[in-house]
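Following are the structures in question.
Two complexes, one shared chain (chain A), two partners (chain B, chain C).
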Partner chain A sequence: MMQKLLNFSEKTGLTLLIPIIKIIMKDEPEKQAKELLKLILLPTLALSIFFGLWSLASTRIKTSVGALPSPSYVWFQAKAMAADARAERVNKAEFAFYEKSRAILSGLLTERQEQEAAGKPTEASDAQRTAFVGDLQGRVDELTSDIKILTADVDAAHIAATAAGITDRRIEPYKTNILKFYQDAQYSLTSLISKNTRIDTAIINLTSGDEKKRKLAARKRTAYERQLSKPRAYSGNGSILDYVKRSVVTVLFGFFLAAVVAVPLGILCGLSKNFMTAVNPLIQTLRPVSPLAWVLITIQIVDGVFVGEKALNGELINNPFLHSAITVALCSLWATLSNTALGVSSVNPDYMNVAKVLKLNWFDRIIKIVIPSAIPFIFTGLRITLGVGWMVLIVSEMMATSRGLGWYIDQQYQNNKVESLANIIVCIFIIGIIGALLDRIMFILHKTVSFNDDEVSA
Partner chain B sequence: MSIVLEAKNVTKNFGHNGHTAEVLDQINLSLEQGEFVAIVGFSGTGKTTLINLLAGLEHPTSGTITCKGKPVTEPSPERGIIFQNYSLMPWLTVRGNVSLAVHQTRKDLSAAERKECVEHYIEMVNLSASIDKRPGELSGGMRQRVSVARALSMNPEILLMDEPLSALDALTRAVLQDQILEIWQKEQKTIVLITNDVNEGILMADRIIPLNIGPKATLGPSFPVDLPRPRNRKTMNHDPHVKRIRNEVNHYLNEQSRQHKAHSKADAQPPTRLPDLEPAHMKKEYC
Partner chain C sequence: MNAGNKQTALKTALAAILAATLPTFGAVDENTIPLDVEKSNLHFGFIKLTDCAPLVIAKEKGFFAAEGLNVKLTAQKNWVILLDNVIKGSLDGAHMLAGQPIGATVGVSQKAEIITAYSLDLNGNAITLATDVWEQMKVNVPADANGLPIHPIKADALKPVIDHWEGDFNLGMVFPVSTHNYELRYWLAAGGIHPGFYTAADAQGHTDGDVVISPNAPPLMPSYLNSRAILGYCVGEPWNQKAVLAEKEGQQLGVPVVTNYEIWKNNPEKVFGVTKGWAEKNPQTHLAVIKALIRAGKWLDASIENREEAVDILSRSHYVGAEIEVLRNSMTGTFVYERGDRREMPDFNVFFRYYASYPYYSDCIWFLTQMRRWGQLSEDKPDHWYIETAKNIYRPALYMEAAQLLIEEDNLSEADIPTGTDGFRPVTGAGDFIDGKAYDGHKPNEYIQSFTIRAD
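This part shows the complex of A and B:
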């Protein structure tokens, strides 16, 4: 079990775990303890120097929007962003609850209409609706009491902050956000209940003796029921989590596009010298082109193809998503292309001798010998492709206004505040960490498909 | 006894336009059904080239090679090769490597029969315990056993072995020698064994043919090893008959070497080794 864990850490390059496991296994514990100390102390030292220099710089350097955010300010902003993300989740849940309630209510009203038309009794459905609205009222009451507590908390925090002389920072970001979202939810649900009440009144008035009153009631009922039947779109801004999710999905999709194009093309290049000679000048010319150039032409082409009714309007899959994913693919596919070509063209001749003795036909030689033996090369290429793709993604999102991390950074830049500058720095760290994680995943994949471990370097 | 493999006046040159390396010259060899022949020579004399010619991986510059009366133009599973460097596919398991050969050469069998066949040959070289391991996890001796199993699984009539045991330690080598002999007797194959070890030839072969030192290497006279089988490695060392054969072969080889040196000095010819000229199929091609 321990040995397995050890193999795993060696395979994944988690060098920090190795001495720990060895100490547990009692394999030269003193030597391993020293090793562990080194593995912890040295990076800590380097990080301390880095943060020290940064702190120093933040006291000296003035940016166009104010002082350069210090590490502690950036950390505070990071926490605030996390709080926003948590609050956003609550907001989404509240919205989903509202939408679900609206749909149920609308469904019950439609049911009643149908029963009326068929001349059936409506008591059961009415009772159901009354009970449901009662539940909604319960939720509103809960919200009201929560709002009361939150308001008190936020007010107290503000008073405390003012006393401590803190004025320029967001105070209790999570509670402030939640308070706003609860108030929105309370308002929406209350309006839902009041619409139902008005419909009920209208239904009673439908049986009134006064003809004018009856007509008005019918009109009102139709209007309110129509309002209730319309779904509402979520109006939240999204949080850092949404941006990260979108960026990762975009880069993976772009990476997929790149692989789908580059691997077969690379195999062709590796197999046929003539094909390689034919396309090589084109490859060499297109490879060094900047993502900024690619993204603009991509935007034009995609918007030309998916235009008007054909425009993609999905929350995730929309035109800007395609712009940035295609740009990622265009800029990053080259590494996979050339590595695949190299792998395919440099198959060990011994393997080809075996293929000849076995009289494998052309197709089987490609499928059973050439491609498997080129797999480590292909994965080297894919690893580079994903790295380049992640780098290109940020700039392409800025240009394509695809709502990922790149777009968010651009938004913050437009805000022109110190707070936004700190947010950008938080994003830089997020981008770096995700990039390192993606590379680690590709590294592990590469190791698993390689027959010779020495070929892969961390 | 019928002749299964025959080389007549075979010459092999590499390169062209004045950079010709004449590797083999006037090779004449005929193998009888079920015979075990060892070809012994110094390294760099063109032994691998000879095996490649017999297999059909290369074509003679002049002369003919025939297998059961038909000229050899391309490799075929009926002449299985065991390569010096094993040449196993590193991405396939032991089972995968052997199945690759079985699937290709035993198309008449059903899937279940093929599976059985694969397991049979792996069992034959005592690797059943490692059937799902990849070559990277195996020792040199185990890898060569996989290579033997793969060659046998093609059900070849002739087995061409290119120094199969020279990279192994003495103990592993002895074990594999016994296994190969056992398989040879059980399966009635014709075997050509290339080796640089005269003792290995005496232990295993029916006759030993020295390959003279190149360039323009030719085959020397055939030394029959008329010893009863099974041969015992330990007692053989003291057997006067064995000593006589060994002395004869060694004497012939040393005489060749001496003559060659004298010849080289007189002609100021390049040394005993082959010029450093890769055969065409060994050259890596990069785009």
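This part shows the complex of A and C:
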């Protein structure tokens, strides 16, 4: 069991775990304790120097928007961003509740219409609708009392902050956000209830003696019922979690595109000297091109293909998503291409001779011999590709207005204040951590498929 | 900023939050009769400037929702990308420079048919110069009894500085067909400084210029001023007030010297633009959007409390995102030139008063005359061309249709809209333009001919 854990740590490069496991296994405990101490102390030392220098810089460097945010300010902002993300979840839940209520109410109204048309009595469905609206009112009342409590809390926090002289921080970000979202929810639900009431009034007025009144009632009823029947998509602003999610999906999609193009091309290059000679100048020319140049041309090409009616308008899959994903692919596929070519061209000639003897056809030769022996190389390439892709993604999202981390950073930059500088720094850490995680995953995959562990360096 | 100001800032922020918590049940959509919209989930773009306010307010105060519109707003990186996204269909519509639909339709910038039926605001821009440039120019500006400079400041005061300037005098504006470009050139030319012409060979507009004017993204102007990439700029709020608040070597980063209200009193600024194709495909949706925008504009100009609340909403990170104090300076009727020199400017941002949101043909024609004046339009055109082009791009009839619906619903009164207009503003008075010229939208060629500095 312990040995398995040890193998796992070695495989995943979690070097910190190795001495701990060895100590538990009583394998040279003293030597391992020293090793562990080193593994903890040295990075701690480096980190303290880093944060020390940063703190020092933040007291000295004045930017055009104010002082450079200190580590503690950035930490404060990180917590505020986390609070925003939690609040956003509440907002999504409130929205889902509204959408569900709207659909139910609309269904009940349609039912009533059908009953009217068929000349059936409507009392039962009316009663059902009244009961449902009563439930909604219950939810509104709940929200109202929550809003009261939140308002008191937020106000108290503001007064306390003013007394303490704090003006450059967001006070109670979570509660302030929730307060706003609850108010929105309260408003939407009240409006839903009031629309139902207005429909009821219109239904009564339909039998009025005054023709003008009757006509207006009919118009209003149709208009409201039609409005209620239309589904709404979530139109909130999103939070850091949404941006991270979008960025990760984009880079994985771009990575997938890069692999799909680069691996087959790389195999061809490795198999055929002539093919390599033919495409090499093109590869060498396109490889060093900056993402900033690629993204501009990608935007134009994608928008030229998916234009007007064909424009992609999905929540996730839309034109800006393709702009950034394709840019990622264009900038990152080269490492996989050249590594695959190298791997394929260095397949042991003996294997190929055996293949000839066995009279394997071309396709079988690739599947059974070429790819398996080139796999370690291909994975080396893929690992670099993913790393490059993640770096390229941020800048391509900035240019393409794709609502991921890059877009968010650019928006913050444009906000032009100290708070937004701190947000950018938080994002830099998030980008770094995700990049390191992605690399770790590729590293593990690479180790898993390699025959010789020495080929892979952490 | 002193402690007293901070206190008031917080108190007003608090008041805004309290105001927002007061029950306003059903108030917004009580009378609204929603139209049969073709598309209810919409995506609009905007640039981080205070004059995106009608769009933000229509969303946040429930005016869009009242019309059954579910609107998502996304800040765009710059005006080119914004327009591209509208043309390509990624966005349904957007906050646009008044010159953008015009430029796109006549082919001065990206070519596409864009129309507008709603003007978002009047005024709202200023020209800011680096503090050291201002120090040099200040000696030429007459002062009042208190030693404060007398406004409006004309470019005549800047001319001697530029005449003796070593190297290029770089200035920033936001877009080749933007109001800012024309206002900056207008102001410079009125003071005898040649701003440069656009020619067939020079799409940058630098030919014959005493200065070098180039486009930059609005929110980045203060940074560029800080790095000396530019010595001044013409941009919308809050990016002029930002230069006052920002520090460089113990002084304010830049000094706003003139507002566009002083260059042309109540000049048109931004519009809400959509493609002609989109408008034809979604006529009821378009009408519903205009209805919501009219109500948002009216709300913005209804009271100072509403402006305070708008400042609070706009300061959110997803909208303009600048500090509340910076936004408040211009949105609540005052303007700071130099620190300590705060002046009343009740009409700095106008969203609805003076029929601000009605899309006048004459506004469109003014932009066309400036495109001709600076050489973006290379050929002379007859007066009727100007008028027909304006009628193709500006759609006051649609505005009126939306307004009539609102009047029927009791959400608007007759006094809010210009009745009996032919779509042209009256000829401007003598004091309206900084150079004293009179502008009559019916006679564009006469107007163009009246300038001494103009392209052939």
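Just so it is clear, the second predicted complex is superposed on the first by the 436 of 458 C-alpha atoms of A that agree within 3 Å, B and C clash if a C-alpha of one lies under 4 Å from a C-alpha of the other, contacts with A are read in each partner's own complex, and residues count from 1 in each chain.
Quick note on the criterion: contacts are C-beta pairs under 8 Å (C-beta built on N, C-alpha and C of every residue); 3 or more make two chains touch, one makes a residue touch a chain.
Bear in mind the structure is a predicted one, so any value in this text is a computation, not a measurement.
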Statement: chain A contact check, chain B vs chain C, more residues touched by chain C
- request: With the two complexes superposed on chain A, say which partner A:M276 touches: chain B (first), chain C (second), both, or neither.
  value: first
Field: Touching partner for A:A311 - first (chain B), second (chain C), both, neither
entry: second
Task: For A:S208, decide between first (touching chain B), second (touching chain C), both and neither.
output: neither
Query: Once the shared chain is lined up, is A:S55 touching chain B (first), chain C (second), both, or neither of them?
result: neither
Touching partner for A:I375 - first (chain B), second (chain C), both, neither: first
- prompt: Do chain B and chain C land on any of the same chain A residues, and which?
  reply: none
Statement: In the complex, chain A touches chain C at residues 62, 64-65, 147, 151, 154-155, 158-159, 161-162, 165, 167, 176, 179-180, 183, 187-188, 190-191, 194-195, 219-220, 223-224, 226-227, 230-233, 235, 237, 299, 303, 307-309, 311, 313, 318-320, 398-399, 401, 403, 410-417, 419-420, 423
Message: If we count contacts the way the header does, which residues on chain B are in touch with chain A in the complex?
response: 55-57, 74-77, 79-81, 83, 85, 87, 89-92, 100-101, 104-105, 134-136, 154, 281-287
- line: In their shared complex, chain B is touched by residues of chain A numbered 269-270, 273, 276, 280, 341-342, 345-346, 349-354, 356-360, 364, 368-369, 372-373, 375, 449, 451-452
- line: Within the complex, chain A is touched by chain C residues 3, 6-7, 9-10, 13-14, 17-18, 20-21, 24-26, 28-30, 33-37, 40-41, 43, 45, 48, 59, 62, 65-66, 68, 70-72, 74-77, 81, 84-85, 88-90, 217, 219-220, 222-223, 226, 239, 242, 246-248, 253, 277, 317-318, 320-323
